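I've put the structures underneath this note.
First chain A sits with chain B, and in the next complex the same chain sits with chain C.
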Partner chain A sequence: MAPTPAFSAITLPHALPLDSGEVLEGVQIAFETYGELAADKGNAILLCHALTGDQFVASEHPITGKPGWWERMVGPGKPIDTGRFHVICANVIGSCMGSTGPASEGPEGKPHAMAFPVITIRDMVRGLIGLLDVLGIERLHAVVGGSMGGMQALSLAANFPERAERVLAIATTARHSAQNIAFHEVGRQAIMADPAWADGEYYASGITPDAGLAVARMAAHITYLSEEGLTEKFGRRLQDRTEKGFGFDADFQVESYLRYQGSGFTRRFDANSYLYITRAMDYFDIAEEHGGLLADAFAGTTSRFCLVSFDSDWLYPTAESRHVVHALNAAGAPVSFVELSAPFGHDSFLLEVPALDRVVKGFLE
Partner chain B sequence: MSVLQNSALRPDLAVILDHIAHGSRALDVGCGDGVLMAALRDEKQVDARGIEIDGACVERCVARGLSVVQGDADRDLTFYPDGAFDYAILSQTLQTAARPDRIMQELLRVGRRAFVSFPNFAYWRMRKALLLGGRMPVTRHLPVTWYETQNIHHVTVKDFEALANDLGITISNRWFFTNQREISASGANWRAEYALFEVGR
Partner chain C sequence: MAPTPAFSAITLPHALPLDSGEVLEGVQIAFETYGELAADKGNAILLCHALTGDQFVASEHPITGKPGWWERMVGPGKPIDTGRFHVICANVIGSCMGSTGPASEGPEGKPHAMAFPVITIRDMVRGLIGLLDVLGIERLHAVVGGSMGGMQALSLAANFPERAERVLAIATTARHSAQNIAFHEVGRQAIMADPAWADGEYYASGITPDAGLAVARMAAHITYLSEEGLTEKFGRRLQDRTEKGFGFDADFQVESYLRYQGSGFTRRFDANSYLYITRAMDYFDIAEEHGGLLADAFAGTTSRFCLVSFDSDWLYPTAESRHVVHALNAAGAPVSFVELSAPFGHDSFLLEVPALDRVVKGFLE
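Presenting the complex of A and B:
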């Protein structure tokens, strides 16, 4: 990881109780905002980022220099119109872009590393609510998120039902399936098998488990795409050569692409954060938190909900969204749901899908 | 003959709008692009929800600020709790259902009352086309050929009344339409292009 740049952040005035029973003191939440907050503070939209995302949703990333991860969705005149709405996007706890996580300094003046407590999606949401409290925002116009961000949006609706008027959850689920957990376990094992991981105590040495983290990213990245998308983009085409090399270089374009994705990722993400955040996602099960019945999680909600899935998403397939929709119906909540057709797999929510723009814009107005 | 107050709506939808109580809860099954739901919301402050199978229609509904779930009426009504709605609406969809009898029972499980409209396959022009032409009719109201139509159960006014009787469903109101106008009930099984029934238990 590159040296950490300075972030806009607040420190929570209260200790943060965690699902594990542990308590985090002096929690820092790094965040970005876009658009003006109305005088009555009624136009705030909380945007929740995905596993490896961060608060730079619509502004240049300070490490990579790349545009924000949802630049196409968030901005003046865009579906999430910063001319009308005050958009807040925070780095979740456990992550590594300025919010408290395994890489941030612990009580003894050195990084927490694996002494950082295991967190959950609900703990992340508690951190976000803490931020809203500091900002004086009682009720959000909407909470919006895709993938892990959608989990946070649903968790916020279930645990803090009075805090959001609208809940927009895209390409997500109310619980991680065995298959989801399995893919994450492959990533974690890749990191922990890297000698440079050193039981998580790599911060002082400056030698980071990049090989393991890159493999974790490569494995996960495959789950974000669709077979159709991969075939269309790469097929079996060779990279920079006309014949197979009969070796283990990246002969195929798809190999070269994954290696590129993996190496780019290690420059901006902390391996221990990857362990903690994937664990949080694997533990995620809203029904379990509410006595086993998902509908009970949403009983008495006053929010309007909209769920969106993509027909090519096999990480969080449409059935997962339907499961949530049926629970919301049973709870009597106003809910919309649409399965959009897109070729990009799970990543569709980040890419050019004009129908998603229309749904997002329509739902937020 | 009642005066249709909302001329922008198809006549059966206008009648439904007229007969739904202000501020009630309604589920529109097969709601299309949400034209009735929007009218119910805007003119009667109805808490309207929809189910629609076509994704493009759902997208338009969501963009209008309506609460619509993409789903299949044959399968997804079971996920709605008993008595969740004052009214369930099934407009021009009964004839596309896999099991119209089950849909009727589901409608009156989730709704206290239901409005059901459908094309009347005993309409004289349809009879004539089949009798004289010997081919499945293609009419103004049913403009699609037999092999690409969504209609899989061809129901008539008399059939529907018999089904209601079989299922112990009470018909409290009935309206008949031809040429986008309401017509009298006499000889409706011959004369009506389509029909609308209000039913309850």
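Presenting the complex of A and C:
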């Protein structure tokens, strides 16, 4: 990835205990905020990002120069209205945009690399709670996230039940399935198979495992789209040619698109972070953390919940959201649930789905 | 892959013209047969194999020592009864079990490698027809195949309509979708990203791109199984441990299984063959070959057809078989079609699905 720019960040005043039993000292949390914090600090919304996301939810990305990843949802007058709410989005620990992760400096003055401890989604949430403590925010108006962001929202609700008034979890799950784990394992193996990965010790050489990381991204990217969406967007159309080339260049538009997704990703993301964050997602199983019964994870919650799934999402299909809803019902928590129809697969939560805008806006009222 | 054993093979007496416009001289076709050929040669069944299959359909594999890949279906008294039928199964051109492919010797006495011409499914079928000509088999009792084998069966019916009395196409499609192409492209990129691939020139060094080929196999393997099947078989169960390891070893059974699938595959398959055969599958679109309308491909056919799909197959879902059935209806061809319920995803055609046995047996009567 490109040299890291400077980020707004705080250092947590206390060490962070991790699920592995290890402890992280001097944890940095990089974050962005949008909109004014009210005097009573009652209007804060914590937005949690997905696997390859970051804190630049509604502002230009400092490496790619692209708009924020949820500009369509977050801003003045938008469904998450920064004219009314103070929106906080922090880079999760384990990632590579300013928060402590495998690429950040370890005790010996060089990057942790694979000496970084394996973390969990709950560990990420512990980092976010540490940030809220520093900011003096006792109770969030809402915690909101899609995909891995939704996992964090659910984990926050289960582990810090007093910290959020509302929990909005979109296109997500309370546990990673065997198929989810399998796809992530392919990505990890692709990275580790790249000789440039060098057991994670590639920071000093500057030769990064881009080829492996690109393959990992390509495999994952297919799971973010629906078969129907791919057919509509690309079908079997050829790329910049009228006849098949009878070679191994990208003949088809979908090949060209995937290659572009893969190579673009390596410019902004650290391969070791990809290993650590996918591992955290694969370990994710809220029920397991709470004695085996998902309803028990939410016993005594004081939050209102909203779950949203998409009918074309085969990565975290509607059945996974419904499983959470049933557990919340059993726990006696107020919960609304909607399955939206959208053709974009898992990525629907990031794309033009007006019905989602209405659900988000309505739930945050 | 391991050193290649000796195979039963013939050399085609004529050059093979290819869809690319190139011509292959001295083509070898390696094949196995099971059961006696009748005096009138009227009892021959051509069995077509899938992407990574081979001619060892009902006999021990000479590299792995494992039983044939369709022993449950082919043999004396079995649904494809070798007491009654003469079963022929040939390695497709482009593959690596004795038929001409990128690993076989080119004009300069060294392997073709990437100088091998890009082939199509129709080219594979041309090779099979060449074999039937040598064997003096004018008209098959049936051509039968699953997955890429089904593509060959359909292509044979469309391009050599007088050569088969019956066409049985299982878990297949008449064209590769954008999602199908995308998964194959991930596999090809994984192979080509492996420095040991060396632009395909790895035969002399003996250092083969096993890491890349294993990743390609892992990604593909997920598409052969259903989400439900993976959950049933592995769920989130741990491998040889009672607690998560908080590391990057294979904690979960599904990870361990995938790694095993990947590494086992590299011992029996050539990476360049994987590139060529996936390319042929991605190019596959019978309608396109016949002016754009699938029904036109089967106009004037003299065969009876049977299509079988599986409800849990998301690689070539039932809709793809139905698309073929509609085209056959439009062409006025006799066709029967059944969607079978089985939990194993695309791989159902290879596994214990008694209903499939009955369909196969009944159609071949």
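To be clear about the criterion, the second predicted complex is superposed on the first by the 365 of 365 C-alpha atoms of A that agree within 3 Å, B and C clash if a C-alpha of one lies under 4 Å from a C-alpha of the other, contacts with A are read in each partner's own complex, and residues count from 1 in each chain.
In the analysis below, a contact is a pair of C-beta atoms (placed from the backbone, for glycine too) under 8 Å apart; a residue touches a chain by one contact, two chains touch by 3 or more.
Because the structure is predicted, anything quoted here is derived from the model rather than measured.
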Practice task
Using the touch definition from the top, say if A:D296 reaches chain B (first), chain C (second), both or neither.
Solution key: neither
Practice task
Look at A:E201 in the shared chain and tell me whether it touches chain B only, chain C only, both, or neither; answer first, second, both or neither.
Solution key: neither
Handout entry: chain C versus chain B, contacts on chain A by residue
Key = C
Exercise for the section: Identify the partner contact of A:C306: answer first if only chain B is touched, second if only chain C is, both if each is, neither if none is. Expected result: first
Exercise for the section: Please work out whether A:D282 is in contact with chain B alone, chain C alone, both, or neither, and reply first, second, both or neither. Expected result: second
Exercise for the section: Return first, second, both or neither, reflecting whether A:A355 touches chain B, chain C, both chains, or no partner chain. Expected result: first
Problem - chain B versus chain C as contact partner of A:E165, first or second or both or neither - result: neither
Completion exercise
chain A positions within both the chain B interface and the chain C interface are none
Fill in the blank from the handout: The residues of chain C that touch chain A in their complex are 19-21, 114, 117-118, 175-179, 181-183, 185-186, 188-190, 192-195, 211-212, 214-215, 218-219, 222, 225, 227, 230-231, 233-236, 244, 246-248, 250-252, 254-255, 258-259, 262, 275, 279, 282-283, 285, 288, 314
Practice task
Under the touch definition given earlier, write down the residues of chain B that touch chain A in their complex.
Solution key: 47, 49, 55-56, 58-59, 61-71, 76, 79-81, 84
Completion exercise
Per the touch rule, the chain A residues reaching chain B in their complex are 304, 306, 322, 325-326, 329-330, 332, 334-341, 355, 358-359, 361-363, 365
